[in-house]
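Shared between the two complexes below is chain A, which has chain B as its partner in the first and chain C in the second.
What follows is the complex of A and B.
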């Protein structure tokens, strides 16, 4: 049981401010992911929660208790580092039980606890090895084990998967989400990988330049980005933007004119924009179609990226903007082809000149306003998934050790 | 790889031909340095062995003959040899302990961020650049001198009287001088080792609840163990043959109080002109050095392994 609350947190190094007032509530058992481009302050924020960096001003509360001046080991948190930070001269068991050793726990008790955690993480055959003799994924697991041993209220992960290769990263991602379901503890996770953020998080915090841009569930960020930055940051490839002119505002939606004189009606609430205003239209590559029957505009293909399953076309449209269009892997489009691009207004986003999104008329059907029913649903499902995870892993690990 | 699988019968012969082609000029090219090295090493050793079995005194150079193990028998029964070996060991061990102990502490200190750290580091390392004779002279005449020395002036200023270092504590004085010269070396190596310590590891230990001393004991010290082993090995090689400091300050005295093995051999060869005895002593020194080296190599190799 642990909640973490940040109240107007600031961090200043000598004369420049890296965290500019962050307010955040993290609920019990929640998996929160901080994402943002490098240098956005996400790691600094995590390290401030951990107690490795001082908090210049503001309050950090864990379970309602102010933790600003409590030393890192007394905050009831455990952290997994990007470089794993294992102690090279200690065995796996000693690494995991190091905190207990410092706390003066007897050797038998320590080793017992290390074995216990080793069993959870399938590290039992490796307990007597030194970190040097482990693979990246195993080291990662030891680092998680070291956090687990302490039985923390909150787990902190600082880009834990970024040193692993792609296949292992996917596997560890699944294991981490399984771990979260079985432990039911609060986790805070920093990453720059939005796939990790989207798949792991209950709640994503998008940071930029030390400011929280948006907080929400993964799908909320995807379907209802609050501003241009979040819209461009979430989703891969990035959302296409184009400068447009508003031609009509109705209750059902706002109609805008694209550079090529085509018009698109976006179902947004009739708020700040009025006819004649400049605005920015955003549409994701996966929502654009190559459609000869009903083209919104024509464009010239500049680059074709074939991934097999899908193809990305970089299309230059009237007005000089380049769009990325995701189309199927069998697309015959070639460089310098002229292709018809269809834009579905209901899938577009509209942003006012200050960069803020104009709220959609309707919420996306997968996003429930009430979070709680969803959470309780997950909890009842958890045991089944957990056993599935545990059955699955013993087969995977020996293979990986070979 | 695929080509070697495709043509298995053809690939081996060119390979061996290529190797023989390459090896002959390679050996020729290496030869000059190998020959120089062999001459450098083997000739003095062979001569030392040869002289060790001769009666050969420079005062009566004509009276030279093969005497078997007489030189060894004479030297091994000379109590001065055993005293000098004991002094050598005391010198090596105590200077090692002082330089590594202080070096580690200073390395931790100089790794902290403070104003003027760059200058402080250079100053701390500079004694290593002073040649042994000069630093011994400075210590002898400017610091430890019972009349003019700085230490004597300070203690006298406090009304405590002066210590005549080289008369009363000659071995301690030598240990202090050599430690002063070599502490910077330990500091240099250990400082670079400390700088390579992963900051995340320190932070992980802090999260695990380690206090400052526990951090040092459980994270910093194990990380430094390898560097400490290397420092110990290199320093031991040099400390077994300390000479200039003794020659300049005490001349091995008073009595034999500061005569180490190197100085003992010098006494034999160039004060008693007994080349045969000195050579026998030299061979004993070689054996001693090898015994120490084996122990060191073992411990260092084990350390480097982990």
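What follows is the complex of A and C.
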């Protein structure tokens, strides 16, 4: 059992506040990923949990016990650093067993434990090498091994894969996922890589400017972003936005008028918007279609990016905005073509003038499916309803029922 | 590449030229020590001559080389060890727990080197006399430690700065105390740097002349005093002076040559990335 709880955590450097009140509940065995743009405070938050940075105010609890003033090694956590931070003068085995050596464990016991962990991570033939004789992926594995040896309650990862090349990153990602499956321990992971966040996480925490923008499962963030920032941050290429006018609000959805007079009905709850209000319509590139039979609006192709399997069209639409349209790899569209773009209202998102999403009328059907159903079913169902209720309160994240 | 090698031919030549220029006085001192006093001052200078050991014999008769040499060894090593003991904690604090005043403190320490030593000769002489440290090894060790401390702190500070911060954070996560961190992680990583700092401190202490001449008479006099004793009022005896100087610098020269490898070896490679 290991839960991590953050209560109104603040961090101030001299006169500059970098973490502005974070509340977060991390459940046992959960894989939580902090994402956000550079400088959003995600690494600082992780380092505060680790004990490498002081907590200016607020409470950090591990298994319900306040850890603010407990030294890093007494918190029962282990950290894997972006740069691996291996001890260059020690062998792989010594690196992994260093914490045991400091704790006064006998040499035989230490080496036995190092061999055991080496076996799990397939490092056995390398145990006597120094870090400089290892490849990047092997060093990363040693860094993970060093964390593993300590049998921590919680693993902390600070952008662990960003120094690896693309192919190795994919491989390590899968290994990490497998490691989480087999260890069943709580993991907190910081990354700026969306793919890592989406594929690894049970729960993603989106941070911006020291504030939690949204907490939720990957699909929840994808299908039900809470505001413009999360909508634009999650998903690649990023969501298209256009300014629209509300023309009608019904129980079944809200109808908005696009530049160029077309209308779209988005199935959202009848909430803050009323007829005549300005709003922002968001639609993902993969949800737009080139459809001559049923076009919502016409646009001119500015750029064509062919990735082979798919094609991205940068289309200038009425009103001057540029939309990215994801279409199939065989698309014949050329630069300067006029193309009919079809927008399916049921796949769109609507945001009020303050940038908050108008909650959708229905939840996406896949959202209850998670990596660890046995954990998530009992612990994340209830708060999900709260998430819904709280969606119009800016900068607050749902608290788990305690 | 071809144009590179053909246009850069003068660089090794320049290197050799500078090396020869630097080496020449030592070379000349060395051969002069084997000349007779007459040959030593002959014009034009003689490059080929009948070598003799009479200067070395004369020196041994007049003064006990080994007494002076032992003083030099004790004082240089003592001052270096003391300086390292003080500088390592200071540099540790300044490298890894800097405050607003750290840069200022470092500059201030260096600025003490700008003061001409003779400016504080009288107060220090009086202090040494009052505390009974005049003509003692301890007295010189304390003085040399204080003289070299700014440079030693600066050097160790910069070597510590090169140790990646994450490695120290990793050992703190692993449960290392401050002392364990120094002992098991920082010192092994900074060892080449600390070794070169120690070497420099030994060389500076070995060659220091101003304080050793002013604060010692015989009991604690190091080799610099030994050399100076050969520039006598009756005139300079070049050959004997050269022999004394050769004997004085030989140990430190051999020491530097042997420890060369340690100075250039880098250990942190492979720690990150």
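Everything below uses one rule, namely that the second predicted complex is superposed on the first by the 368 of 402 C-alpha atoms of A that agree within 3 Å, B and C clash if a C-alpha of one lies under 4 Å from a C-alpha of the other, contacts with A are read in each partner's own complex, and residues count from 1 in each chain.
Criterion: a residue touches a chain if its C-beta (ideal position, glycine included) is under 8 Å from a C-beta of that chain, and two chains touch if they have at least 3 such contacts.
Nothing here was measured: the structure is a model prediction, and the numbers come from that model.
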Chain C versus chain B on the shared chain A, clash or fit after superposition: clash
Partner chain(s) touched by A:218 [first = chain B, second = chain C, both, neither]: neither
Partner chain in contact with A:102 - chain B first, chain C second, else both or neither: both
Contacts of A:282 with chain B and chain C, given as first, second, both or neither: neither
Which superposed partner A:178 touches (first chain B, second chain C, both, neither): neither
Chain B versus chain C as contact partner of A:163, first or second or both or neither: second
Partner chain in contact with A:131 - chain B first, chain C second, else both or neither: second
Which of chain B and chain C A:235 touches, first, second, both or neither: neither
Most chain A residues touched (candidates chain B, chain C): C
Shared chain A surface residues [contacts with chain B and with chain C]: 50-52, 71-74, 77-79, 81-89, 98-99, 102-103, 130, 146, 150
Chain A to chain C touching residues, read off their complex: 50-52, 71-74, 77-79, 81-89, 98-99, 101-103, 130-134, 136, 146, 150, 163
Parts of chain C lying in touch with chain A, wherever the complex brings them together: 164, 166-167, 169-177, 180, 184-185, 188-189, 267-273
List of chain B residues in touch with chain A within their complex: 198, 200-201, 203-210, 214, 218-219, 222-223, 225, 306
Complex interface listing, chain A residues touching chain B: 50-52, 71-74, 77-79, 81-89, 98-99, 102-103, 130, 146, 150
